[in-house]
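The first chain written gets the first letter, and so on, giving A, B, C and D; residue counts start at 1 in each chain.
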Amino acid sequence: MKPSRRNLLALGGGAMAGVVFTPLPWKLLDDTAIWTQNWPWIPQPARGPVEVKAAACSLCPHGCGLQVRMAAGFPVGVSGAPAHPVSGGALCPLAFGAHQLNWHPRRLHEVRRRGRAASWDAASMALRAAAAEGPVAVIDGRPGRGASAILRDFAGKSGAYITAPGPEERSLAPYAAWSGVPASALGYDLESARTIISFGAPLLDGWGTPGRFTRLWSTHAAGLGDPELRLIQIEPGLSHTATLAWRWVPARPGSDAALAAGLARVLVEERLVPAKGPVPATSVADAAGAAGLPADAIVELARMIAQRAPALAISVDGEPAVAALNLLLGGGIVQRRETAAPQAAAIAPRAVVIDATVPWEYEPASGAEVFRFAAWDGGGSKADWLLPAPGFLEEITEHPSAPGSAVASYALSPALMDAPADVRGAAAFVGGTPADAVLARCQEIFRARNGGLYRRGAKDAVPLASLESAARLQDELLAGAVWVDDPAGSRKVRCELKEWPAAAAGTHRGGWADAWSAPVLPPLATKLYQESNLREVPARSRI
Amino acid sequence: MPRTLLAFAIGFGAALAAGWGAFPRVLYQKKVQPIEFRHKTHAAKSGTSACGDCHALRDDGGFGGIPATASCAGCHGEPMGATKAEAALVNDYVKPHRETPWLVYARQPANVRFSHAIHTRLAGLKCAECHGAQGETDAVKPYEVNRISGYSRDIWGRSMSRLRRAPHEGMKMTDCEDCHRKRGVEAGCLGCHQ
Amino acid sequence: MKKRRYGMVIDLDRCTGCGACSVACAAENNVPPAAPRATERTGITPLRVQPVSNGASGPARREVFIPLMCMQCGEHTPCVSVCPQQAVEVDSATGIVTQMPQRCLGCRYCMTACPYHARYFNWWDPEWPAGMEKTLNPGVATRMRGVVEKCNLCHSRLHAAEDKAAAANQREVNPADYVPACVEACPTGAILFGDLADETSAVARAARAPQAFRLLEKLGTEPKVYYRSNRPWVRALAEPRTVPAKEVQRG
Amino acid sequence: MASYAVADRRWIERGVERTSTLRFALWLVPWALLLALGVYAAGLCLRFGLNQTNMDNRFPFGLWIFLDLSIIALGAGAFFTGFLVYILKFKELKAVLNTAVVVGFICYSGAVGILMIDVGQPLRAWFTFWHPNTHSMLTEVTFCITCYLVVLLFEYIPVLLRNRQLRRVPSFLIFEHRLHLLVPVLAAVGTLLSFFHQGSLGGLYGVLRGRPFAFREGIAIWPSTFFLFILSAIAAGPSFLLLITSLVEKVTGRKLVEFSVLCRLGRISGLLTAVYVAAKAVDTLAWLNRTSPSLGFAPWEFYSYKPFGTWLMLAEIVLFGLVPAVLLLHPKTASRRGWLISAALLVCGGILLNRFILTVQTLALPTLAFDEFVSYLPSWQEVASFGAVVAYGVIVYSLSYRYLPLFPQEKREGYRVSGR
């Protein structure tokens, strides 16, 4: 019995009719839809409880207080530590994505010598060989740490210990030259100022500790027609800070020195400030010509500055004339109570060891063999040796006084996750024991008995004397407490200025991404410059 | 014509057999739990029958789920008896401090938010109302995974037709909705999704 | 539980345009970093900060930074009525306009409906560099390509607050436990968040202030995101544009 | 080759002339290539996602939606001819009924195909049926289009089964006959469904309160665009049918229908276009003076963004509305083939322009004070996917024309001579 075509058709028809009465088509429809909701190639977060840990941000030298949400052993979110004595709970935009940085595609996982894989032993031998041949310079981006002492000791044997200043310290350079106090121990007394004249400093855009000036501005200036705190921004273009300032003065690029001199002249001639120290030779007309402003505007600006004292002048690139103007206005520059290492005399080193805290752009003296520590490869490096350092929250980090701060402070951040197997810090590499150095730094603070301890979230400090030991202090610091010196410990710096300074050519522009010293941006920074029009693409993004 | 009808009936019957018989076998893959576990024995030995004693709510309102290996270590630090399963527990998980990769029958996908705290504390639901009387079982049943969606079979329920199923059987969204409707509790989309 | 209407008042005079809210939002909600080809028109920024100028040139020029997110429209909610399969709704308990990406079929009709451009389509599958998926925030499911997402007012934080309250046998959420990521992240405290239905709350009082305004208020969509500014030209941004594009330059 | 030709010949209706197998195959080749390219492009979109297109968050609807709306409007000839023939008893239009059904089927199936690529998650599209939001115009569109596509399929099947070979299967013949009895019912159902979805497609944009350029007030839940879309679709449908029939006559060099039928189509189209233009004018005035200002917008500002100036509005209403209406209604122009075809072209162009303005211009215009006028150009994948729909249409129509009795009157005397 041979089945006919019609039988086959009927069989097929029957099967088609039958299958509708089974779960098959309906379940397939449902399951394929569910499949699209749970595509296996799309990662999903781990399950489990979330724990909040205290830490400090190591992206830049300001050490803002962090609250890190941890789940399944990994950080899953970052927020500011409320009432933190240094950052006041605020963070910069980069910090919010910092916990993802350790998986950045440019993370360094192995020692590299001129682009080729090498070993720690080889690097170690090369450094020893170089040290035998000539002096070794060590560059530290964050002096004042226990680890800095290790680096200083190592350099002290045969070379030079050099600190790489950030933007705030660069702006303090003239005062350091005139007072003999290193810039790393100087700070701005922003809190007392009632008028701030900023020559291009992006005060509201990544200059200084994020929670410091922005907080002052938001409580005393933002949105007010006649604010308690007047911010006058002198800058050629409409930067974020300029648009938010009480007054914006669009002066020509490169005219800061002339403008500062012109202002100083008006202040002295009109007896708006007590005359002391040298007077610039520049006339108001010359200043006006250089700045591209009417002479009247400069006179008016000077009167405006003098109207509400104390006034503080800040130059983004350490323009000496602006510093001189600031001294004329009364200073506002303080010296923190801390022992800062003096800058070493210039030498021609045989080798340079650059700590991971040093900004990626730092250019060491040419001709030396460069040992560069970094957690991320910023590309285009002239380093001979690229040495992988621990990344974000992967080691105990020390956070000495923030650059430009008015009082000394010290904080520790615990290691919240394991570092990759083969990474090392510079201090350990040169033979030191960072853990001992941290304890030694705690002992120093503990012995001095200055200032107090701000525990996590606390508004008031606990006196240091209430702690039983330096080890206890260290534990407290690792749990999120911050040691802050007594404000009375800082004193106004004394500067000797014989004549009005000549103009120095400054080129530093500054800005939100420059505030950060590491070579790459957190991947989520794409929200700011690639996926929105909030920011121009930073030159250093390289993601 | 009768032959045509017969062919149609054969096709119809074959489709029914395939759809109800073969299809579930192909769709679901059986998996065995990594180790054995007896709720009954543990309840008897520890003298507790309250689910929450082992499957506890955390203070933050999260649900602890299956106890961690650390809590097994109290009794199973060393093998209790000579069974193979016992040796596996101690040597594979307790001693190396590894978490047991349990296959969770009631596991919902990442987009589902289910608050045990709200359902047990505020609504007063008993565990068994959704999970069945797990505490009285004497062995862990095999786990079946849907090869397409990756879901546990318990989400759909044993019954392919979903017509006659026990009250606790099935954990699809419609099951949640049915219960909510019965109790007159409203929860928007993001009340139960995340 | 009592009916709430969560909303916020954003002080535009205090916004420095730093973008911390935007990054914090992305981290909280497991939004991936931009795909290589993504632009400001194809990226996912449930909260984005838009610089807007006053149109002047020279020294009179000023900019304001406007954080833009879902406005949580309470009436005629444009996206809710258009969704063919109920992937969007206004939550009756909280007033939050909720979007369910797992229900969404990706027709993008809601995106055409939204006058605030607050909805984002996943043009790409989300991708994180290897290992970075460990930093995903628990409590927020990641999305897949082909679906629309938007600000759900950090709904997972509300979930956590509800769980915490329930564990303590409480039905009402402690307001301090539910703070969206952007509010928490703002370094100047420019964003005030809370229950607008509670007349005595700080946010409700701020929303009633004469300096407060909402974008495109005349559309009648009753947004629950308010802005405030002391500057009249900033308040004027609430109205639709009345000058052709080429005459207004943007920063 | 010869044997293929013989086999091929056996499938062609007895008594009609069709081109040689070779020429027909050659004609299909470029279309098949276009189809293949489009299928490849669509595959890219399905595999990698819609990043293959140039749509973005500010321009979430693009070429595809514009063309979907357009071809569904042009495909309105199918239901409307059915309505005219079976309900209003316009017997002479029976001559174009089959072709209308095929064109309608192509337009609708093509539109549904493109929609399946256009949505980001096609495997979840059925959620619309399972969890429908009854307030959404898109739900209405989805339901009606799906149902109407089924109706069209049932209208197409009898034509298909009338093929010379298929006709020989007795059960097919019975089936066809039964279906044929159903056709008037199908026509009525199709008319109802079509009225709804053509309207809902208009409502799609008309309900967008957040897009004051498109937003319209209306009756009950339906904005005015709901009714305007129905009107414009039934106005353009006959014109499109007229164009297609003329085009087929031109390409094949055969006379397929009496000129009087074309004239009849033209008259119907002209009449409806005139009504449409009047309604559109009233609607535009109401929008300019009432709707838009009430939402806080100055309507004339919408026309300040070049190139979308007021000329576009005038072109739509006058050049593509009033002019063809007059041409189609004036006895002198309406009886000349050239004028007739030009006017039909204008009517169809008008509907494309209307759909373009509603879909593309609406999205390009700013809403917030700080929005910019945004632009968009489709990617090659979008264009190619759509090209595939056109190729699919040509291929299906060509096959239908060759093997099915699309024009049953063709066999009668007097049709053998060239139409030209």
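Brief remarks follow.
Keep this in mind: a contact is a pair of C-beta atoms (placed from the backbone, for glycine too) under 8 Å apart; a residue touches a chain by one contact, two chains touch by 3 or more.
In this text, all values refer to a predicted model and were calculated from it rather than measured experimentally.
Among the pairs A-D and C-D, the greater number of C-beta contacts is found at C-D. Centrality by Cα centroid goes to chain C. Separation between the centroids of chain A and chain D, computed from CA atoms only, is 62 Å.
Measuring from the averaged C-alpha position of chain C to that of chain D gives a distance of 40 Å. Centre-to-centre separation of chain B and chain D, using mean CA positions: 52 Å. Centroids of chain A and chain C (each the mean of its C-alpha atoms) stand 29 Å apart.
Residues of chain B in contact with two or more other chains: 58, 60, 62, 109-111. For chain A, residues touching at least two other chains, in rising order: 32, 35-37, 44-45, 47, 50.
For chain C, residues that reach two or more other chains under the stated contact definition are 39, 43, 50, 86, 102-103, 125, 139-142, 144, 160, 250.
Pairs of chains meeting the touch criterion are A-B, A-C, A-D, B-C, C-D. Touching chain C in their complex are the following residues of chain B: 57-62, 109-111, 113, 115, 117-118, 121-122, 186, 188-191, 193-194.
Every residue of chain C that touches chain A in the complex is listed here, in rising order: 11, 13-14, 16-20, 22-28, 30-31, 33-34, 38-40, 43-45, 48-51, 58-59, 61-65, 102, 125-126, 128-142, 144, 160, 181, 184-185, 187-190, 229-231, 250-251. Taken in their complex, chain B has these residues touching chain A: 3-5, 7-16, 18-20, 23-24, 27, 58, 60, 62, 65, 109-111, 146, 148-151, 156, 160-161. By the touch criterion stated above, chain D contacts chain A in their complex at residues 121, 123-124, 126-127. Of all the residues in chain D, the ones that touch chain C in their complex are 49-51, 55-61, 118-122, 124-125, 127-128, 130-133, 135-139, 142, 204-205, 207-212, 294-298, 301, 304-305, 362-363, 366-374.
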